[in-house]
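Pasting the structures in now, so scroll down.
Each of the next two complexes has subunit A plus one more chain, namely subunit B in the first and subunit C in the second.
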Partner chain A sequence: MAVVTMREALNQALREEMLRDENVFLMGEEVAAYEGAYKVTKGLLAELGDKRVIDTPITELGFAGLGVGAAMAGLRPIIEFMTFNFSILATDQIINSAAKMLYMSGGQFKVPIVFRGPSGSAFQVSSQHSQAIESWFSYFPGLKVVMPSTPADAKGLLKSAIRDDDPVIFMEQERMYGNKGEVSDDVEFTIPLGVADIKREGTDATIVARSLMVPMALKAADVLEQQGVSCEVIDPRTIRPLDIETILKSVKKTNRVVIAEESHPYFGVSAEIGSQIMERAFDYLDASVRRVSGADVPMPYAKNLEELAIPGVDQIVAAVREVAYLD
Partner chain B sequence: MPKLSPTMEEGQLSRWLKKEGDKVSMGEPLAEIDTDKATMEMQALGNGVLRKILIQDGESAPLGQLIAIIGEPDEDISSLLSQTETAQPAKASTPDKAPTQEETQAAPSPEPRAESKPKDEALAEGPPRDETNAGDSGGKGDKAGSAGGNGTQRARLIVSPLAARMAAESGIDLRSVSGSGPGGRIIKRDVLDLVAGKGPAPATAEDGQRTVVQQSPAEPSAFRDAPVSEMRRTIAKRLVTSLGPIPHFFLTTEIEMDRAAEMRAGINALDPELKISINDIIIKVAAAALRQHPQVNASFQDKVVRYYEHADIGVAVAIEDGLITPIVRSADQKSLSQIASEIRDLSGRARNRKLRPEEFIGATFSVSNLGMFGIDEFTAVINPPEGAILAIGAMAPKPVVRENEIVVRQMMRVTMSCDHRVIDGATGAKFLQTFKKILENPLFLVV
Partner chain C sequence: MRKRAPEPSRRQAGDKSVAVIDEEPGEAIDSPSLDQEAVKEAQKERLSGLDRATLIGIYHEMVLVRRFEEKAAEAYSSGKIGGFCHLYIGQEAVAIGAISAIRKDDYALTSYREHAHAIAKGMTPESVMAELYGKAGGCSKGKGGSMHMFDREVNFLGGHGIVAGQIPLATGVAFATKYKGTDQVTLCFFGEAAVNQGAFHESLNMAQLWKLPCIYICENNQYGMGTSLKRAMSFQDIAEKARAYEIAAEFVDGMDVLAVREATQRAVERARKDYLPTLLEVRTYRFMGHSMSDPGNYRTRAEIEQHQERDPIKLFAASLKEEGVLSDAEFKEIEAKVKEQVERAVQFAEDSPLPAAEELFTDVYANPIVPGKRD
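Entry: the complex of A and B
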């Protein structure tokens, strides 16, 4: 075990899987010579060569399509989007080709591909470059969607995603690339997709949080602990398939839930989780499920407004106090 | 403000029996409180000195509101006082508002509560900020409910799904729970507090078999629970869909009262002190008939039908602004003179609202008499969970046919309302037959 950044943990996963399986290759804008816009692919071109680490033109739909074709032909491509904001251009290949191919070919063509890159807000990159669009991809049967919140989860989940035979959307968070944590250096260390992690145990309220909201939820839980409220923090880690059972088990214990997310509230992941809780644990709820979401506006550029648009510790604390009937 | 009756939501301080600075010891009466049902004595739950009185004679407070502080003579109560000062305006002006549990706990405590609570307590009881926030009605939409819904929200029960399930599982009537959530919502802690306060779960034995033995005639009647049969369950299920939650049916008969009136006159002539009334005789006869028809002295309890050994008869007494039914316990074992003096005492105290809860809760059968108002005949509504109620009309001379002759007799019409889930038509009719037979021939009382 060593303490590394999220960026380094992702780099380890890429390198280990590319060394392990020669069918794995990496393709995207600036991934090779520049070593990645966020330096996630540092050192890979030098070690693995330009057949395995490939720079593309600024053509998201094109290289996403190349990746899908390569996957159908038996390779295991990793497609990096410089940010998921640019994946919007490639959604036809992701949704109409990658997600549907196994089904429409009657099981003849697997598409073992990973689309990865940073998602969500960064620092003052404004409306078009600050989007959390996991609910889009989670909507479609045929895709798996992963959002790690720690370096260890990032490494273990990315390795599982690369080994998975289905297309996986792997969303990192730009603000979290520098976060540090202990990470295993065992090349066989993986974390299965579809298994939530209880980041902190508690008895009075459950906070479901993913990605950037996990450290916020843990800080909120510290604050609430001082106020006598014991919070359980659950990180689903994989949005699809969703480990709803772990969430339900927690809700049945605490009877109160807050779902925190960086994305817009409308038709989001929290709406789906909240709905499933009400369908399956209604009689265990002592309060309405409460969401804490990003502001329902395009992300402002101004620093002060940007801060207000992203949920923080205070909002999570307030929401937990509300469902615990303390305010 | 402690809960002094099962349905109490607020209490009016009738008068303080102690002054500030008086020493009080555990169990000593502190004040008299008017509840919705009666005037009750509030006792001290600890030893100390009555340091501060927070509501004065004649003022009302919702359940759980801090109304006085008992502590050591030199104890610092300033933090408790400052909490109350911030909270008081909101409370005084909104008596209907749901009380917070924190104060229910704090009020009777012999020592002022320390500011810092152990962590695990904080959630269950809620911190004192509740009160100040609830008074601030200009806040978010969620909170407006608690300020705006006063008075009217009582009609509709607001309850969290969890609290509803917990109440159902422990057999608690949600109408007896006061909600501490927003808008008076009943939440988990309200049910937990009630369960903690009331001891063992009430009378729904899972296996359907339970027998309670009575220790003395003054106590509530002993009973035995018989399992609800499939047929009985079907009858119960089908009939509740017809007429309200309790499927009533009504049986009416006319009773010749000449001999009963004669007996009453005879007894009162022997001893004018006894002051036996016709109603006393009716209670005595009803109790005797119930002894012969235990199927009528019964109550539908969802999973079991409960048959009582003794007839605890509720006697409806009209009082100002309402009515109350004090109970003659084990009326089947008491003499006519005992019944008469008990009813006189109970109805006198009922009118002065001085009944204790055990004196008006838990009858097995009721009698309601509107004869004194000149009502010939009426139907009464069953007082759940009792199985039946007898409605007594006025006694009046009427022409009747006896041995082919038209003669004048004192006639009285009675109507029994039966809960069809426990009493069927023929069962009720046979009871009324016996009741009529004894009342027309009171000598049966001594046979």
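Entry: the complex of A and C
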């Protein structure tokens, strides 16, 4: 165990899995010589060489599709998007090729590929560079979607994603690369996909949070504890498939739930989780499911407006107080 | 090394052998050289270099896919086949000529107009017909249909429904073979309309940048659905576009099966030896509509007939006959054998069961995860 940043944890996962399996290669914009726009791939070119770590032209649709083809022919590509905002250019290959290949080939062609990179808001990079689009990818059967919130989760889940035989969308959070935490240095350390993590146990209300919202939810739980409210914080970690059972179990215990997310509220992940809770645990609810989401606007540039657009600790606290009928 | 594309025939306005096609409402660009004597001479020369079994094999395959598709059209009309059904009739020389130039362990990918490629690559007519019928015995277990045929055994990797979608995929397959250090090549077929997609340009750039053994075969049948090339492409010399990526390119007569085979062989050599890509622009023509529901009001009957004079099967049959490769009796034997093969395919498809209801939920994930399960 050592304390490392999320960036270093991801780097360890990439390095270990590439050393473990020579069919794993890493491709993307600035991943090699530049060592990654966010330095996640630091040192990999020097250690593994340019056959395994490949700089691409700015051609997202092209290299995403190349990755899918290479996976069909037996390799295990890791395709880095400098940010998931740019994956929008590649969605045809992710959705029409990667997600459906196994099914439409009658089970003949699996696509073991990881599409990874930072997602969500960064620091004042405005509308086109601050999008949390996990609900898009989570919509499609055939894809798996992972969003870690701690360095340990990032490492363990990325290693599982690379070893998985299906296409995995692995969304890191730009603001969290510097976050620190204890991480195992055992090369066989992995965290299974599809398993939620109870980040904090509690009895009065459940907060379901992912990615950037997890540390916010934990802070909110601290604040609420001072106010006499005990919160359970659940991080699904994998959005598809979703470990709804762990969430339901918690809701049945606390009878109140707030779902926090950075993304827009419309047709989003929180809508799906809320709906499933309603369908399967309605009788246990003492209050309506409450969502805390990013503002329903394109991300503004101005610092004060950007802060208003991203949910914070205060909003989560207010939402929990609301479902607990404290105000 | 770079092969220049020959000058397209429309630059030879004074050449009396170039047929003039009515421009309204059909807007096909001129065919490659229609100098029949020159074509015949060239074919004669190509024929002489090949053994009889190879020639017969190629001819047999062309007749097989033609009759197979005629039968598929019939089955579609009688409601046995659903969805879309894009026929290849008229273009047979391209898939069969090109695939005859590669090995079984080489790869091929194509668009949704794919029945011929699938069969030429070694898939059985039975598994292709059963797939069209949406039956469990189909190559994709009835889950893919006409547009999504696959067969791992013969390295046929689909069958793709989004125009140009297969081009980056094929580039990736070529990347994988080079990565693994094999000498396999990848054939990537697509229509000329795919050339207007970014995926084509992105792929060619990467293929030459990284020296990938992919052979891009543009089947220029001159229409993207109902829109002629002239109405869709500002600069229509597709082979010339390879220059933008410094990729070797050739312009090929797509009605001459042996011309396609030879051009592909040259490309295969470049790919196997030096991991170099090639772009072939193969000028062809589809005799049927874009799909079975095509009204055909965008081109004239006369235009279609004009091209049918150069029916690739008829052209090849004439050469085989003239050179004494096949006698009349042998032609009949091939027809009879093909008829039997197609009937067998139809019978297999008819007899094959529907996919079981449980199949709806299989093959979504290679590694299905039960959420919450810690191992």
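Everything below uses one rule, namely that the second predicted complex is superposed on the first by the 327 of 327 C-alpha atoms of A that agree within 3 Å, B and C clash if a C-alpha of one lies under 4 Å from a C-alpha of the other, contacts with A are read in each partner's own complex, and residues count from 1 in each chain.
Keep this in mind: contacts are C-beta pairs under 8 Å (C-beta built on N, C-alpha and C of every residue); 3 or more make two chains touch, one makes a residue touch a chain.
Remember, predicted model here, so these are calculated numbers, not experimental data.
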Overlaying on subunit A: subunit B and subunit C, fit or clash? fit
Touching A:N255, do we find subunit B (first), subunit C (second), both, or neither? first
If we overlay the two complexes on their shared chain A, which of subunit B and subunit C does A:A271 touch? Say first, second, both or neither. neither
How wide is the angle at subunit A between subunit B and subunit C, using CA centres, rounded to the nearest 10°? 120
Superposed model, subunit A: greater residue contact from subunit B or subunit C: C
Quick check for you: in the superposed arrangement, does A:I88 touch first (subunit B), second (subunit C), both or neither? neither
By the touch definition at the top of the document, which applies to A:A295: first (subunit B), second (subunit C), both, or neither? neither
Just to be sure I read the superposition right, which of the two partners does A:V125 touch: subunit B = first, subunit C = second, or both, or neither? neither
Have a look at where A:Y325 lands relative to subunit B and subunit C in the superposition and call it first, second, both or neither. first
Check the residue A:V223 against both partner chains and state whether it touches subunit B (first), subunit C (second), both, or neither. neither
Shortest CA-CA distance between subunit B and subunit C [superposed frame, angstrom]: 25
If I apply the document's touch criterion, which positions on subunit A are contacted by subunit B in one structure and by subunit C in the other? none
Mind listing the subunit C positions that touch subunit A in their complex? 107, 109, 138-144, 148, 150-152, 157-162, 165, 167-177, 179-180, 198-199, 202-203, 205-206, 209, 362-367, 369-375
Report the residues of subunit A in contact with subunit B in the complex, numbered from low to high. 204, 225, 227-230, 255, 282-287, 322, 324-327
Complex contact set, residues of subunit A against subunit C: 25, 51, 56-57, 59, 61-75, 77, 92-93, 96-97, 101-110, 112, 141-142, 144, 164-166, 192-196, 238, 241-246
For subunit B, which residues are in contact with subunit A within the complex? 117, 119-123, 126-127, 129-130, 133, 142, 160-165, 180-182, 187-189
